[in-house]
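Residue numbering begins at 1 within each chain, and the chains themselves are lettered A, B, C, D, E, F, G and H in the order written.
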Amino acid sequence: MAYKLVQGNEACVEGALAAGMRFFAGYPITPSTEIAEISSQKLPQYGGKFIQMEDEIASMAAIIGASLAGVKSMTATSGPGFSLMQENLGYAAITETPCVLVNVQRGGPSTGLPTLPAQGDIMQAKWGTHGDHPTVALTPNSVQEVYEYTIKAFNIAEKFRTPVILLMDETVGHLREKMLIKDPSEIEIINRKKPTCKPEEYIAFKSDDSIPPMAAFGEGYRYHVTGLIHDETGFPTNNSQIADNLIRRLVGKVENNIDDFSYYEEYKLEDAEIVILAFGGVSRSAKSAVDKLRSKDLKVGLFRPITMWPFLEKQISNIAQKVEEIFVAEMNLGQYYLEVDRVAGKYCRVEKINKVNGELITPDEIISVIGGKYELQRNN
Amino acid sequence: MASKKVLLQNINWCKGCGVCVGFCPKQVLKIEDDKCVIAYPDKCIFCKQCELRCPDNAIYIGGIDNGL
Amino acid sequence: MNCNETTKNYYRVDKLPHIWCPGCGHGTLMNAVVRAVEKLQLNKDDLVIVSGIGCSSRAPGYLDFNTLHTTHGRALAFATGIKLANPKLHVIVITGDGDSSAIGGNHLIHAARRNIDITTIVFNNNIYGMTGGQYSPTTPYGDFATTSAYGNIDKPFDLCSLAQGAGSTYVGRATAYHVTLMQRLIEKAIQNKGFSFVEGLSICPTYYGRKNKKGDAFEMHSFYKNNCVDIRVVEKTPEKGENKILIGEFHNDPKPEYTESYQVIIDKFQGMGGN
Amino acid sequence: MNKFEIQLSGSGGQGVILAAIILADAAIKQGLNAVQTQSYGPEARGGASKAEVIISKEEIYFPKVTKANILLALTQNSYDKYIANLDKDGILIVDDHIETDGDIPGKVYILPILNNANKKFETRMVANIISIGAIYALLGEKVINKDIMINTIAERVPPVTVEKNIAAFKEGIKLIEGIYD
Amino acid sequence: MAYKLVQGNEACVEGALAAGMRFFAGYPITPSTEIAEISSQKLPQYGGKFIQMEDEIASMAAIIGASLAGVKSMTATSGPGFSLMQENLGYAAITETPCVLVNVQRGGPSTGLPTLPAQGDIMQAKWGTHGDHPTVALTPNSVQEVYEYTIKAFNIAEKFRTPVILLMDETVGHLREKMLIKDPSEIEIINRKKPTCKPEEYIAFKSDDSIPPMAAFGEGYRYHVTGLIHDETGFPTNNSQIADNLIRRLVGKVENNIDDFSYYEEYKLEDAEIVILAFGGVSRSAKSAVDKLRSKDLKVGLFRPITMWPFLEKQISNIAQKVEEIFVAEMNLGQYYLEVDRVAGKYCRVEKINKVNGELITPDEIISVIGGKYELQRNN
Amino acid sequence: MNCNETTKNYYRVDKLPHIWCPGCGHGTLMNAVVRAVEKLQLNKDDLVIVSGIGCSSRAPGYLDFNTLHTTHGRALAFATGIKLANPKLHVIVITGDGDSSAIGGNHLIHAARRNIDITTIVFNNNIYGMTGGQYSPTTPYGDFATTSAYGNIDKPFDLCSLAQGAGSTYVGRATAYHVTLMQRLIEKAIQNKGFSFVEGLSICPTYYGRKNKKGDAFEMHSFYKNNCVDIRVVEKTPEKGENKILIGEFHNDPKPEYTESYQVIIDKFQGMGGN
Amino acid sequence: MNKFEIQLSGSGGQGVILAAIILADAAIKQGLNAVQTQSYGPEARGGASKAEVIISKEEIYFPKVTKANILLALTQNSYDKYIANLDKDGILIVDDHIETDGDIPGKVYILPILNNANKKFETRMVANIISIGAIYALLGEKVINKDIMINTIAERVPPVTVEKNIAAFKEGIKLIEGIYD
Amino acid sequence: MASKKVLLQNINWCKGCGVCVGFCPKQVLKIEDDKCVIAYPDKCIFCKQCELRCPDNAIYIGGIDNGL
């Protein structure tokens, strides 16, 4: 198969279709709009459906509805829309409805810098909805990865019955570069577990392995779904023991299974004394910076989390125990830094490299911070 | 085949709202201790007004041919 | 279980009695929904009931179908996803005046505009029951509620006009008292292939009734009994409609349905360019 | 040179984005790496529009042009805005109606792109493809094969305009070669 | 003045009125509804206005509008509504519009446990809206404090031209206890700084001390307000330098002035070796626990942040350097813990005590964790 | 500055030219707003212009009043806060079809229902211009947009009917071509003490025009010139309305205004129980 | 005793919340500390309703009743649900229609509260105030002054019912005293 | 007091959309290089169609009594 020139947002749709997405509900917003547009064009060709809803709240609601009816579903948005989707994102989490939400980040807060890249919604992706809830968020850094990780996002959503956030940024969403569309036979597709019992035996939210099998509406398993705290049968309760079990199971099924989807890249980390931690668009600059800093004889490496949430605590803690300093480079004022500092700060220094002006952090900017500090140090 | 109709209650579901009492054309029913009571079963003409209007499905007409 | 056959067949009887207050009109209206479904002999597996949040929106939990209790105001948006994903399903939305026309007003007008095949049934008690009696977009001008201690200065929506104006192809209204009419309207609404809207005037003795000195449940029912008149009567004799609440079938004008229009596109383009 | 950073600029409707896409696409067909980016949104509406391509044998990490090896400017506005991005050894291609400063580093090609588009093709819509021809000629056959260029153009322009655009491409080549002639 | 029996939610309205609130827009939601109800009843008596909007999005918008027109404004909600308000909360931040948003927390996620207490929105309060932005959040733990800190919330909002979140929980909101309504003369009231220059000289978002003076619509200063990144005059720009300045100034005016509103309580901390960190409803249990643990000869103290955001880094870092262990007790799965662990974890152990079942953490539960660990330790 | 007096007096001339595309109808409609304000001799300090997000919603930035560019769809909710806080201000909302009737549909119907004294002017170009040409709730059935490549299957709102149905007390429609009528409608809308709604049919040559082969700006203007007919004409001669777009004043029926009703409450209760 | 934890329970409409508020309010007027809480929401609708008061000379931190020193139950339902909360030395007050278990710790007062409300006052609405009378009598004059109790009741009940409610309060006292008589 | 009217332009604001050209009853205007050009000023009858319809306020009638 040959490479094609593809835009990040287009790759997202290709990945989604390959993963089995057959429903998309959305509301246009820069810089995610192409995802809706291309979905609207392609879905009917795959027998799937697109709908432009009246707003983002409705879009998120519609994909949950479609998923409950058995169809793999996705929506895409950016900052303002992401904020509006938060309430129903929590609903997807508590009702354990698989779905994928793409956020192509732009400059914020508020309307902010609609056409320019940012990574200002990293913490929002984890904490944007009220109450304790599970979060899975992935951050690809190339067009090829957008394709691959959109597929993985669907797989995680289906396997763990949870919403998955694909956290892109404008840099990656609007980037065009080469991409290889895989043959369907090469793609691993995971579908939600369906009940095999008789309908009268189906206990919709009971689970031994923490992820209950899921019947679609219309398949003969008539059950109840609610955003209230509910018991195993799906009905509301204020029972404190059940409430406790539910929340801990929901969060646990993601946190405890993180090894299943711990995606990251390590670049020249083996002997690194200094580590740049970066993701998404910025990680591309970081990789250039690593090479250039290495050429200055600084032992620099890159750790790039692709799984942003849950936090790759184990991996980052391990690295921290081996290195002198970690620089967290991100297009915000230091969001992911906080978790890195919490986990790594007990073992090594943790520093921030931040930019919030609508421009991608450049390799030179990273080099000047790290080079500046360490070359100086060496010269002293 | 003639059915023997009978006025039945699910007292656990009854909340004593009095709607059935109000609409019963024959004053069969009354409220006592926050529950509907079938005071004069003999007066019942099985018009089903109570069943139709009870918000709690707590009163209804049963009978042999109803499988009850 | 100690109840009539309809209840036994269509309710989750182990969840009864429901949480509603004594005399709450929602119970009576819920029964009208069930009887309509029974009358039409719909397959329970093919029926989805969707609601938002509110006293009224608790209805699905008691009904033995595929049931979905969503977020406040969003029932129709969820329902739209369900219906598009699987157009074979019958989708009924049960909602409240607040749920459908305050926070959910936009979803209502857009679902109506698209004419998507969803039957929306509003249990309109002119108040926010669940949160304890605040005025809603259907609370009459001058009425009292916990947030309108000086009398409500908001003008109320006529929900049926709103739905019809937005594009609903079937529209009707009955009350908790006119429960047989309610049932008939729901039957026809379900049969309409398109967006249908049925308003059921409910009663909330606990809040709306108490705040506005409307008496007990029986008195509130009696008010509807004495103050409603069917649209057909008024069409013939307009005087009879004066100062009355209109009930009956207001609008029945089928138009192309959304999921069917979509299917036409799929039939034409599936496989082209795709896999 | 292993890596070319190319910046194309003009006004909103001049199709510099399509030009950049064609260049990137052709490079990929050639087996090279390429990334293409552009500026979006209100500033792109009306005002100066900018598209970028980086072509490289190696993997391209940072996707933005730092210093342009080749800068194309089709309007005064875009010239003024982007001239500072030109590498000191870079090549500038400007339409001949633009007033350039005296002290531009590197090579400057002042070409009658808009004029020829209007005159020879009776549409300003081909100015972007003429520009591609010029860029192609400057990159040289060794970077991207001419047939690949032509095929890519044929794929990417509206079907009815394929011929005209291929001619425009050749016109661009001639503009450069003419200078050398 | 005599004490009165007052409910927490009522105290909030009393405080707001004392602070000068003359506009409230809201949408009912348990357990915050009394705030709307009482506001609706009292505001007209003060010449102020109440409006019940169609939803929470509109409520947040309306209070921003009213504030721009010069009137001190407030809204109140709980989890689901808080999620919906996030987009416009960011708008208030970027437009520097003073306003107060009360979140009386209940169990989440989604509809959750509407009538039961929780502290699940702690991180959301900081990160719920997209993009980098300033956050101020205060958490009272008694009815009297609800009154006092509602006043302070308005003062901070006005002084720093920023939205302030009053983060209550159901325990405190629905609690009735004694309260002293202060005499107006005893209450410090801060009002926004107004421009004194001529209208043609007014540069709406220019500032030397980081907080620009604010004219109300209708006062003759005609200026432009936008949620886009804007320059000092208030007009949109994509200029990267200006964007950078704006975001850093917005965040900085709050972060750098934290000493101005660093509220907290220290209880038996002087000689403490073990510290319970708790806030809101839970801090009351924690205080009981401290007393009882002291009676078991454990040197336990309480640190209670009232200013939740910005994080009281200085104070908590200081404590961490003096003690052995900090227990962070909260009605969630460990949210504030993360920041405490980040800052304190470099110096001492940090542990969590969590509960998410709709019940207040009890003194005994805290005692059993701490007592269990340390009495055992002592016995070994 | 090199421009006419009206422009000099009411525009922020240093912000011009505006960001709109060549020929965009929004510029012409914005001029109609300005001329209406000039005609009524409103004090610039007392006028607030509020918008949401969209090409249309960029208008306030160019106008020399108190101007507020809010979040997408929410202009009316912000405006409601402003008007209630200071009823002396004239509040005009300039919004787009997407802004007012897609994401903002609920705020529109509720502001109309309350009859709060706000003048809402929609620049309706039947498309989402700002985001690059997706269909909107007013895109005609069958038309093309970047998200309706197979022809739009959504049915469009009639925005004037929607606003009127929801309670708007003044309703009218003109076009970017009928710019003098537009000005007159805006004047009357501002003068109406209550919620007023004026729809200005705009043109978007860049997206709607191009996608639907409607020609250039002049041709799009000409379409309106040839296909619109005033409601008064149609009321007299209904045939003349066939297949035409109706323009003119549709509704003018003043009712109690919201902030005035509120003032009545304050006048009655201020000081009682309070301070 | 320095601290009283009191739990009042009954069905939705019986006014136990108002009773709790009156007790707390009176305690505060007496110069004591008091906190009052209750259960909210759907479970309170129809089903058992619960209100709590803690009265103490010292500051009250944890605001919930851990073990009730006094538990009032007006319905079987609420008795069943809350009896486990009674302190082993606590006092139970139940309406006389309720079936109690044999092995209740502490003192038990089985009083004809609902009956007397119906018979003597012709309204079940005063059962809560009769209950307050009983609780007051058990706490004793030393805890809260009788006049303060009466004034607080007068302030908190609907104006037209003040007299009736004060009589009900006294009836409650008598019910306790009667036992001692 | 007779005013001398004159057709004026702000060429920086003109986007060359051609709306004025299309509506000018006297073919006074044309588009050249993406800008409106007053080709035949003498034919102008000062009808103000161009000023009324220009979306960019880029063409207008001035004159002495207009203070210009």
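Here is the rule we go by: a residue touches a chain if its C-beta (ideal position, glycine included) is under 8 Å from a C-beta of that chain, and two chains touch if they have at least 3 such contacts.
Keep in mind that this is a model prediction, so the values were computed, not measured.
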- Item | Steps needed, at minimum, to go from subunit F to subunit G via contacts | 2
- Item | Shortest contact path, subunit B to subunit H, counted in steps | 3
- Maximum inter-chain contact count - chain pair: A-E
- Query: Using mean CA coordinates as chain centres, what's the subunit B-subunit G distance in Å?
  - Reply: 37
- Item | Centre-of-Cα separation between subunit C and subunit A, whole angstrom | 38
- Query: If you average the Cα atoms of subunit C and of subunit G to get two centres, how far apart are those centres in Å?
  - Reply: 42
- Which subunit B residues reach two or more other chains? 15
- Task: Hunt down the residues of subunit F that sit against at least two other chains at once, touch-wise.
- Result: 17, 20-22, 53, 69, 71, 102-103, 105-106, 110, 130, 137, 150, 154, 262, 265, 268-269
- Item | In subunit D, residues with contacts to at least two other chains | 41-43, 46
- Task: Spell out the residues on subunit C that touch subunit E in their complex, using ranges where they run on.
- Result: 53, 69, 71-73, 102-103, 105, 128, 130-132, 134-135, 137, 146-150, 154
- Note which residues of subunit E are touching subunit A in the complex, please. 57, 79-80, 82-84, 86-87, 90-91, 93-95, 105, 107-116, 118, 120-121, 123-124, 126-133, 226-229, 238, 240-241, 243-244, 247-248, 251, 332-333, 335, 338-339, 341-342, 345-346, 355-359
- Residues of subunit E touching subunit C in the complex: 27-30, 33, 36-37, 40-41, 44, 50, 52, 54-56, 80, 110-111
- Task: Write out the stretch or stretches of subunit A touching subunit D in their complex.
- Result: 3-5, 30-31, 114-115, 170-171, 174-178, 281, 284-285, 287-288, 360, 362-364
- Query: What residues on subunit D touch subunit A, complex-wise?
  - Reply: 21, 24-25, 28, 33-44, 60-64, 66
